[in-house]
Structure formats: C-alpha cells, structure tokens
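After this come two complexes, each holding chain A, first together with chain B and then together with chain C.
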Partner chain A sequence: MNNKLNIYLFTIPALLVLCIFFIYPISLSLQMSFTDFTGVGIGNDVGLKNYERIFSRSRYLDAITITFAFAFIVVVVQNLIGLFFATALFRLPRIRNFSRAALFTPAMMSFVIVGYVWQFIYSPYSGGLNAMLVSIGLESFQRPWLGDPSTALFAITAAHIWMFVGYSCAIFLAGYANIPTDIQEASRLDGASSWQRFCHIEFPLLAPSITINIVLATIGTLKTFELPFIMTGGGPAGATRTLSLEIMTNLFGRYKFGFASALSIVMLIVIVVVVTLMNKYLRNRENNT
Partner chain B sequence: MSISMNKSSSGSPKGNGMKFTGKTVFSASANVFVLFLVIAMLIPVAYMIMMSFRTGSEIAQDPLGFPTSLYFGNYINAMDKMNYFRSVVNSLGITLSVTALVSLLGSMAAYPLARRTNGFSKAVIMLVSLGLATPNFVNITPIYIIFRDLGLLDSYVGIIIVFTALNLPLSIFFYTGFISSVPKELEEAARLDNCSNWQIYWHVIRPLLGSATATLSLFVMLMVWNDFIYPLLLLTDESKFTVMISVYRFVGNRSIEPDMLFPAAVLGSLPLLILFGFFQRRILSGVTAGAVK
Partner chain C sequence: MNKQKIKLIGTAISLLLASNYSYAAAVTLDVTAWKGNEAEPAGFPVLLKKFEQENPDIKIKLSFISRGDTDVVIPPRLQGNNSPDVMMVDMPLVKIWGDAGMLKDLNTKSDWYGDIAPAIKESIAPKGKLYVQPLELVGMGNFINTDLMKKAGIDKTPTTVNELIDSCKKLNDAGISPMLFPSGLSARLFAFANGLSRSPSKPWELGNGTASFVDDPGFNKAFSLTRDLIAANCFDPKIQAALDPWTTTLSEFRGGRVAMVMHGAWNIKSFSETEGLNYTLGPIPTDKATGTALDTFGMGWAISSKTKHAEAARKFLNFFAEDENLAVLLKDESAYSPYIKGTDGVPALAEKYNAARAAGNIVMWPVYMNHWPQAMESESVDGMASFLLDPDMSSKEVLEIWDETVEDSM
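Moving on, here comes the complex of A and B:
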C-alpha cells in the first residue's frame, strides 16, 4: 500500500473547511470591496472608489487613528501592569497561584458583560466611580466618563486593560518559569539586588514572552469592537469610533456591503503589516539579547 | 519586593539571624501589599455581584451600598425575560457539537503535520497561522452573504459551522503540538502489524488525545459562550440565541437599568467563572502552552 501518500488525505476535511469558510470569504471580501454591492442583486464595479473614500475622509482616517491609539495604550499599559504583577508574584511563591488565577478571572468574562458592568461604573447616574470619588472627597474629579470626549477612549481602554492584565501576567509568569534556576541562584549568590536581577537577568530572558504578549495584545486591540459598541456606540462625537465599529455600522445600519468590505480589507492589511513588522523587530531583539 | 539573600554566608550567626527576621518581615508585608492589589483588581466583579441583589431605587439612593438582604427578584425577572435556560442549553449544545467536529477534524489534520515535515505541511501550518491571526471582521460580510444564500441564517447548523471554522486553526495547532510529543514507537509497532494509516490514527493516536481534547473543549466553550459578533450577525430567532445575545437583547443599548444589567451580567458570567474555578490549572496551562514557544 502507498501508505506514504495517503497520510496527507487526513488533512483534507480540515482544509476544505478552511478553504470554504476562510480563504473563499477573504477573496469574496476583496472582490466586493471594489463594488457598491448592497446585499441584493449584483454590485456595480466602482474600482478604487471605496478605498479613495476611506483615505480622503477625515471620518475614516480618524477611526484608524483612534484604533491605533486604543491599541497603543492597551499594549503598553496592560503589559507593564502584567509584568509588574508577574515580577512580584515570581518573588512571592506563597500567593502566586491564587493571584494568578484571581487576576485571570476577568478574562473569562465576555466583552459584552465587561462592557455593561464598566459602563455602569462610569455612569454619571449613580455609577460606582463617581460615587467612590465623592466618598473619598474628590468630588471635583467627577465627570460623565463615557460622555466626555476627552476621557471616553481612556475609560474604555481601562476596562480592556482590566480584563487582560491577568492574561499578560500568566504569560510572563510562564516566561519566568522558563528562566533556568541556576542563573537565578548564581545572581543571588553574587549579591545582586532584586532590582538588579530584574534589569540584568530576568528582563532580557523574558524576551520571548514579551514578544508574545505584545503581539497578542496588538492583534486583540486593533480589531476591538465589543467594548466601544456596548459602552459608547462610538460616541461622544466619534471619540471612540474604531475601525471595527465603522465596519459594523456600514453593514447593519446601511447595508453597504462593498464599502464595509473595503474597510475590512484595510483592517486586514493594517494588522498583517503591523504584526509582521513587530514580530520581525521583536524576534531580532530576542536574538540580540 | 523581597530582599535579596545576603552576599555570603560568612556573617556572624547573630547577623544572619537579624537578616533573616528582616527578610521575613519585609516579605510578609510584600505579600500583603501585592495581595491587596490583586484583590483590588477583583472589585468590579464583587461590585457586579453586590449590585445584582439590590433594587434600582436602592442603587440610586446609595450607589456603593451593600445589599441589605438577598433580594432575588432581579434574578427571577432576568431569567424569565432572557429566556435564560433556553439560551444556556443552546450555548451548551453548540459547544458540544463544535467540540466534536473540531477535535475530529483538527486531530486528523494534525496527525500528518506532526509526523512529516515538508513543503506541504509547512504550507498548511502557514495557512493555519494566518487563520489564527485574521480578524473576524474580514470575513463577516462574505460569511453573512454566503450563509444567507445557503439558507443557513438563523439555524443551529450555520452557527455550528462558523464556530467550527473559527476554532479549527487553534485545534490543529493544539493537536500538532500534542501528537509531536507522542512517541513514535507505538505507531511503528502497529505499522509492522500492517495497520493502515487510518487504523493507526483511530486505534493508536486518537485514544491518547483525551487530555488535549479536554483542554480544547474548554476553549471552545469559552468562545461559544462569550462570542458576540457571529451570533449577532447570524441569529435573529430568539429561541436559538446563545447566552451573550440573550444578555444583549435583554439589557439593551439605550437606557441601562441596573436591576436588569447586573443580574444578567452575573447569569451570563457565573457558569464560566465556576468552570474556571474547577479547571483553572488546565485553562491557564492551555493559555500559556500555546504562547511560550
């Protein structure tokens, strides 16, 4: 029997599913992005008009900027806090397992629920945050957090960061577990302080988990949809209107399938380019340290 | 943070003793401090649970107050209006079907990928990683149209197919890693007995995959339970809603009523939080196993 050949047949069912529900839709998306298809009949070929519109109207350029701002804030802050907790917990074995699980708990919740709960925390009507500010004597800091264009985006990033700090922390702790114990021992015997050990030994050796955390958080945030959708719907005054929100409103409200497809192709290209460059840079950095 | 060990062991016994007490005191306060921060991170979860037992007017009067009694009226109302049990059954049924499909298709595809390294397997792995990184948004428009034309909108079959396709890349990765760590000797013995590849997969490899399948099913569950976009896109018939869509339809988007929002939020997340309580090790190791490579 030609056993060598037929082992590849095992991949066929999975490949079929991937082709029909992944490759084919992407090609369809690309094709539709050059039309004004509205879901019925056949769309007219409009060439690059959809793309021209995206890159010439400030509405869409703003959405891209807001998406990047959201991603940047979350990636930086979430990973710094995650790294802080992992570094602390690595030194505190007694509370490590409990804390790792406790911090991870919000990541088990759905975006929809996290969005609703935080929306109410930020609410100007009997919301938890303003009430807390009053109770500690900081009345002057009260504001409608999600209704104020200058704070709305930050308020949403805070909810996202809260949700995924435990995820970053768990990955960093796994990175810590991969640091050989003899290196740790040696530096300790050399009298390096906790801070010195972190800077010179642990941080460089954590490079692979830094790469993973940054890449995962970037992919996760550039496509962010549920939190702004639930918490603000893109408002106030478009301050939280991300690219994904723009895609959904064009789909559902207006049935602009062609234009929505062009937006999603732009999103795909942005994510692929950013993640590829990032991966390249971070992997190089790993090899040089 | 904790204090480092003393440089050498040459200090006097008394000196060492003092260092020792100094270290434990400092370390205890570090434990308390970090534990305090960790618990502070859980405040929103506690807030959600506390508020779910209070009436709307109680919350309006005293936004941070503790519940004075265990008032279940909110829950009874929410369960009833959300059609909670129906949507839980829907989510569980979809999870089971997707897990079955994804574990069969994924482990089958993973078997050759784990055992042969060549151009073909590299190309498949490339395709799979692309599938993992591609955002849903690239596919939702065409998938909506394809499903509409196939008559799969508003059907269990449609939503099961979508979740299967979404989870398949993860499952292929998972099983490829797992099968690579299975020793080849078992297979070689079977091969000497003239077993076909299919017999080897079915009788030698597949029975070993239980633990990987268990972890995978937790991730499928997490996704089916929590995903919002595809059910929102594909389901309009209330009797087929998954839990998150029920929560969304119940709480709504305009004026948020706390006595509806909080019980719905607890009902929507409690089952997964309990699941996490039981399987936290498996879930956390699954999260980090995929990541640290």
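Moving on, here comes the complex of A and C:
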C-alpha cells in the first residue's frame, strides 16, 4: 500500500510539468479556437465558425493532404536510405564512426541555413542543380524546381531527407548494436549470405528501431513548417502549404489567433490519431517478430 | 564650525533636491521602430539627436524591432500593460491594435491632420478615430535599366501597357531579357494597378464584400493584360510563379541581366550604390497616358493608450510632422511626404513616376490602407502564381478565391 502511494507521489512532479506546459496551453488553445481573438484585446465568442470554415474551404483540406503527402514521402524514403546506410556501415566497421558523424552533421544545422542553401541549389537562375544537369548533358531536365507545383513538394522533401537521413541512420545503427553477435555468427556459420542475413535476421530484429524511426519521423514531418516556409513560403499556388505553415500564416500574417487555434486543434487530433494507430500497428508487429 | 556644517548640509540637501527635481522632470520615451538601425537608418540618428536637443526634458529610448518581430514582441507588451510609449506601425497593425483599444486616439483635430494628402486622409481615420500619424508614402513602380533599353533602341519609359508590350518585343529582338515578373510582388503590382485603375468599384467596396472581384471588369481586364504580356514574351510565366521577389529578382536587375522589374522605391538606395547600374523608376503601365503611380502606406507612429507620457509622446509626433524634420527621413527612404505640399525624398530618376502622381493617377496599395483584409496579401500571391502557371485558366477562378478570402475575413 505504501509502495503504491509512493509510486503516485513520484509521478506528481512529472504530472505537474505535463499539466502546466502541455495540458493547460492546449485547453487555452481549445478555448481560443471558439473566438475571433486577434492577439490583443478580448476575443469574441464565434461558436463553431472557425471549425466550419476549416471544413468548408478546400484550401485547409488541401493543406492536410499536402502535409500527409510530405510526411509519407519523407518517412518512407528517409528510413529506407537511413536503413541502407546503417546496413552498409554495420558491415564496414572501419569507416562507421566517421561516416555516422558525417551523415549526422546536416541534422545539427539550422533549418534556415539548410533552407537557403537548397533554395540556391534549386534556383532557376544559375542554380547548382540545373547547372549540374547542363554539365552532364541533361539540359532537357532543367526546370524551376521550386517554382513548378509538380516538383516543389518533392524538392523540399529531398532537402528534408538530406537533413535527417543521418538521424535515422544513427537510430538504425543503435538497433544493429543490440542484435546479439552469437545469432549473427551462427547465421554466418550456417552459410547465410549477406542479403539472407539482412532479410531473415537483421531486419526482423531491427523492429524496435523501425518503430522509433517511423514514429519520430511521422511526428516531425506532420508538424513541419520551417523548410516550406523558407524555401517556397507555401507556394507556388499553395503546392507546398502544410498545415503548420497555414497556422503560422494565420497567426502572424493575418492576426487570426482564434482561427489558428482551431487549425492547431485539428492538427493535434490528426497527429494523435495517426501516431496512435501507427504505434499500435508497429508494436503489434514487434511482438509478432 | 557647527554653523558651517549646518550650511554645508543645507547646501548639499538643496543640491540633491534640485537634482532630483530635474531628474523627475526628465521623461524617457520608450519608442519601438523597425527603422533606425544601420541597414535602414531612415534619418533617425540625426532626427533623434535634434529632437533631444530641442526637448532637453525628453530622452528617447529607441528599440529596434524588425517588422516581423513586431508581430511577436509588441502584442504581449500591449496585453500586459507594459507597452512602449510610441510604436512604429503600419495600417494592418493600426487596425488590430486600434480596434482592441490599445492605441490613443490622436484626434482628427490635430494640427497636422488637416494637411494630410487626400489619398489617405479618410482611410487613416476610419469612423473618426485617428490612431496613426503617417510618416511616408512609398512608390511602387517599374524600374528600368536605361542602358539595356538604349541597346534595344528604346528611349521612352513605357507608361502604357501597349508601350510595355512594344518594349518587350524590341528587347527580345535585341537578345535582352525584358522583365522579371515574380508572383510575390511584380505580378501583383501590375494586376492591382490595372485592376483598381479600371474598376468601377472603390477598393474598400471590394474589400468589404459590397462589390465582388469576380464580377469586376477592372480585375478581369488586369488578368487579360497579364496574358498579353506573356504572349509578347515579356517573361517566362512558369519561372515567375515562384521567383523570389526579394533576392533573385533584385540581384538579376542589379546585375544588369534584365531590363525591367516592377518593385518598390525602397530599392533606390541600394540600386544607386550598384556600380554601373543606370536606371530610372517609371509608373506601372496602365491605360493612362502617364501610367499609374502605385503608392503604399509605409509606416507611421502610434501612441499607446496606456502611456504615462502622453504629452511627451505628442511632442515627439509633432516633431515628425514638421516638414524640415520629416524631409530628412523621407530622403533616406526615397519616399513621398504624406502631407500636402510636404517635401518628398524621391530623387530625380523617378521623374516619370512623379509625373503620374502629379497627374493624379495614383492607386493606393489596398492591403496597406486596410481597404482589403490582410489575408489578401498572401492570397493574391497564390492567385497570381496559379495564373502564371496556367495562363489559360479563367481569371474568374482566381477572383472567386479572392472573394472567398474577403468573406472569410469578415
């Protein structure tokens, strides 16, 4: 009985932090989402008007679609590349530490710097990518990468993936470190090829790393704001306007704090639902492997 | 000895009291502004020194806060009753802060209000409440590289759309890139100037929903004229859709790689410092013979409704209302005076722009006059980008969304 009480007592500090810094602000946002608050003065109650606007205007549903598309591309490609690098580095112990640090470097850079550097690379005028295409005889592939709605989102996802692939790789390498060496050795003695070892031993045993990588990348990308803001400002014609960017625009470009709060609540619900379902599925998968 | 001590103590107390009195009489005005730093001094170093010399009982504590940071830094101070005494504002801020009761009514009976230019006089005091003292009007027009124009055999600044199209053709024939037209600014300058100058409705009627963009002949015509520019190969529309108006566009013009760019007069200072760049500033080509001057409300001063130094704040504003003082700021900003007969700070290279203004062909940038909701700023960028990406699309598709944006902001 005493032990149980102690357990509850020890959770109080964490619960307090959670309540003050998370639950209370969220409840304030929820309250504000039913008003027309502009950031100063007093907000008037507008009922469900903000939510009605969100679901009756296509631009907000488009923003949700773009956010999901961005998240899906980044989560899949970033983790595949991260897994590829981790698998290669696991087999190349001599260059592992150096390469891990090198791959991780972009993740330590500021979004602003990364955004501007890639903006210059994609520039239609003397941009590095177009110049490279010319130099290798692929002029026909030149295009305004960030100016074309069909390529703008992919161009930003490429920058995001470049930035965080080392992060995924580092988590997979940690996963590799947890694979018992006796299993690896036994499979080698049984004559399993490198590909067979990857498919039948390493990949299943990397399940916890896969869960962590996918969940972290999903949360990070569903609330992405920085790169689209810096590189395209949400353009061209809204092709890269994510939900977070829409929230920022409404907050500081339009002073619609009430409406932005409603969008934030929608985003919160979307992220919670997606991550909960995803986590449940991945945990089940872990238990079944 | 005792008497001497008493005298000394008495003198010391008197001096202390006197110094305290003078200290109490000195007022420190807390002023925030997004001008006055090294990059954009706006004449502040000279002006603030002069103000303090003329008003020895008032000290100015100027805090530089960029325009972007103003949105984040000032509102919590206003909410928390810790506001600066005087704040630099633009019209969207005046609307938000004024409506929330955070700004002092400067009163339309103020001496300087009577001299405000008619183009902005009524708009800065809607419902009779005057929350802002304007400091400048900034021109937005067509920057022209005169060397490139001469190479193409063009000696006249294009002021009408037909002249602009002719210029594009001649420049193309001479192998010169005629113009950049980024959707983020230039495309909107052209569309707004042509739309508003031809529209039968007042700008605020479009911005408050009593008139609609989609039915407006002026704005439909503006899109059709943009299509004419594309047909004349004035620019490659697809590249302009996401071209950055603040970096690439300006560096291309500065580098002499393009003949024309529609942009703001705030660039005059940096363009003039560019070696080998000979240029002029013309009006936005429209159907008027002189072209159309597209002015925007730049910035102004507002006094916090919670200030404890209202009198000193008013003196500060009155100082900037004096022509000889404001002229220093306007010269640094290459801007126009908001007062009738005020001294402008625009150099001679904007002669054609001035001519359009003198002829009365002035259109005010509607978002920064609060004629249109602030949301139209980003929505119009998207609208122009969509159109440039697909010039065959009906202008109504874009204009319908602009009407929706107005409706959403009401």
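Throughout what follows, the second predicted complex is superposed on the first by the 267 of 289 C-alpha atoms of A that agree within 3 Å, B and C clash if a C-alpha of one lies under 4 Å from a C-alpha of the other, contacts with A are read in each partner's own complex, and residues count from 1 in each chain.
Heads up, the rule we're going with is that a residue touches a chain if its C-beta (ideal position, glycine included) is under 8 Å from a C-beta of that chain, and two chains touch if they have at least 3 such contacts.
Computed from a predicted model, the values in this text were never measured in an experiment.
K.L.:
If you tally the residues of chain A touched by each partner, is the higher count for chain B or for chain C?
P.N.:
Counted on chain A, the partner with more touching residues turns out to be B.
K.L.:
Using the superposition on chain A described above, determine whether A:Pro25 touches chain B (first), chain C (second), both, or neither.
P.N.:
first
K.L.:
Pick one for A:Asp148: touches chain B only (first), chain C only (second), both, or neither.
P.N.:
In the superposed model, A:Asp148 contacts chain C only, not chain B.
K.L.:
When the two structures are overlaid on chain A, which partner does A:Gly41 contact: first (chain B), second (chain C), both, or neither?
P.N.:
second
K.L.:
Check whether A:Ser123 is in contact with chain B, with chain C, with both or with neither, and answer first, second, both or neither.
P.N.:
So A:Ser123 meets both chain B and chain C here.
K.L.:
Using the superposition on A, tell me which residues of chain A are in contact with chain B and, in the other complex, with chain C.
P.N.:
In chain A, positions 39, 119, 123, 125, 233 sit in both the chain B and chain C interfaces.
K.L.:
Okay, in this complex, where on chain A does chain B touch?
P.N.:
1, 3, 6-8, 10-11, 13-15, 17-18, 20-26, 28-29, 32, 39, 85, 87-89, 91-92, 94-95, 98-106, 108-113, 116-121, 123, 125-128, 130-132, 135, 162, 165-167, 170-171, 173-175, 178, 188-195, 197, 208-209, 212, 216, 219, 222-223, 225-226, 230, 233, 244, 247, 251, 257, 260-261, 264-265, 267-268, 271-272, 275
K.L.:
Which residues of chain B touch chain A in their complex?
P.N.:
1-8, 27, 30-31, 34-35, 37-39, 41-42, 44-45, 47-48, 51, 59-60, 63-64, 105-106, 108-109, 111-113, 115-116, 120, 124, 127-128, 131, 133-146, 161-162, 164-165, 168-169, 172, 191, 196-197, 201, 222, 225-226, 228-229, 244, 247-248, 251, 253, 256, 258, 261-262, 264-265, 268-269, 272-273, 275-276, 280, 283-284, 287-288, 291-293
K.L.:
For a test of understanding, state which residues of chain C touch chain A in their complex under the given definition.
P.N.:
Of all residues in chain C, those touching chain A are 68, 71-72, 75, 78-79, 92, 96-97, 99-102, 183-184, 238-244, 248, 252, 373-375, 377-378, 381-382, 385-386, 389, 404, 408-409.
K.L.:
Going by the contact rule set out above, which residues of chain A touch chain C in the complex?
P.N.:
Its residues touching chain C are 38-42, 53, 57, 119, 123-125, 144, 146-149, 152, 232-238, 249, 252-256.
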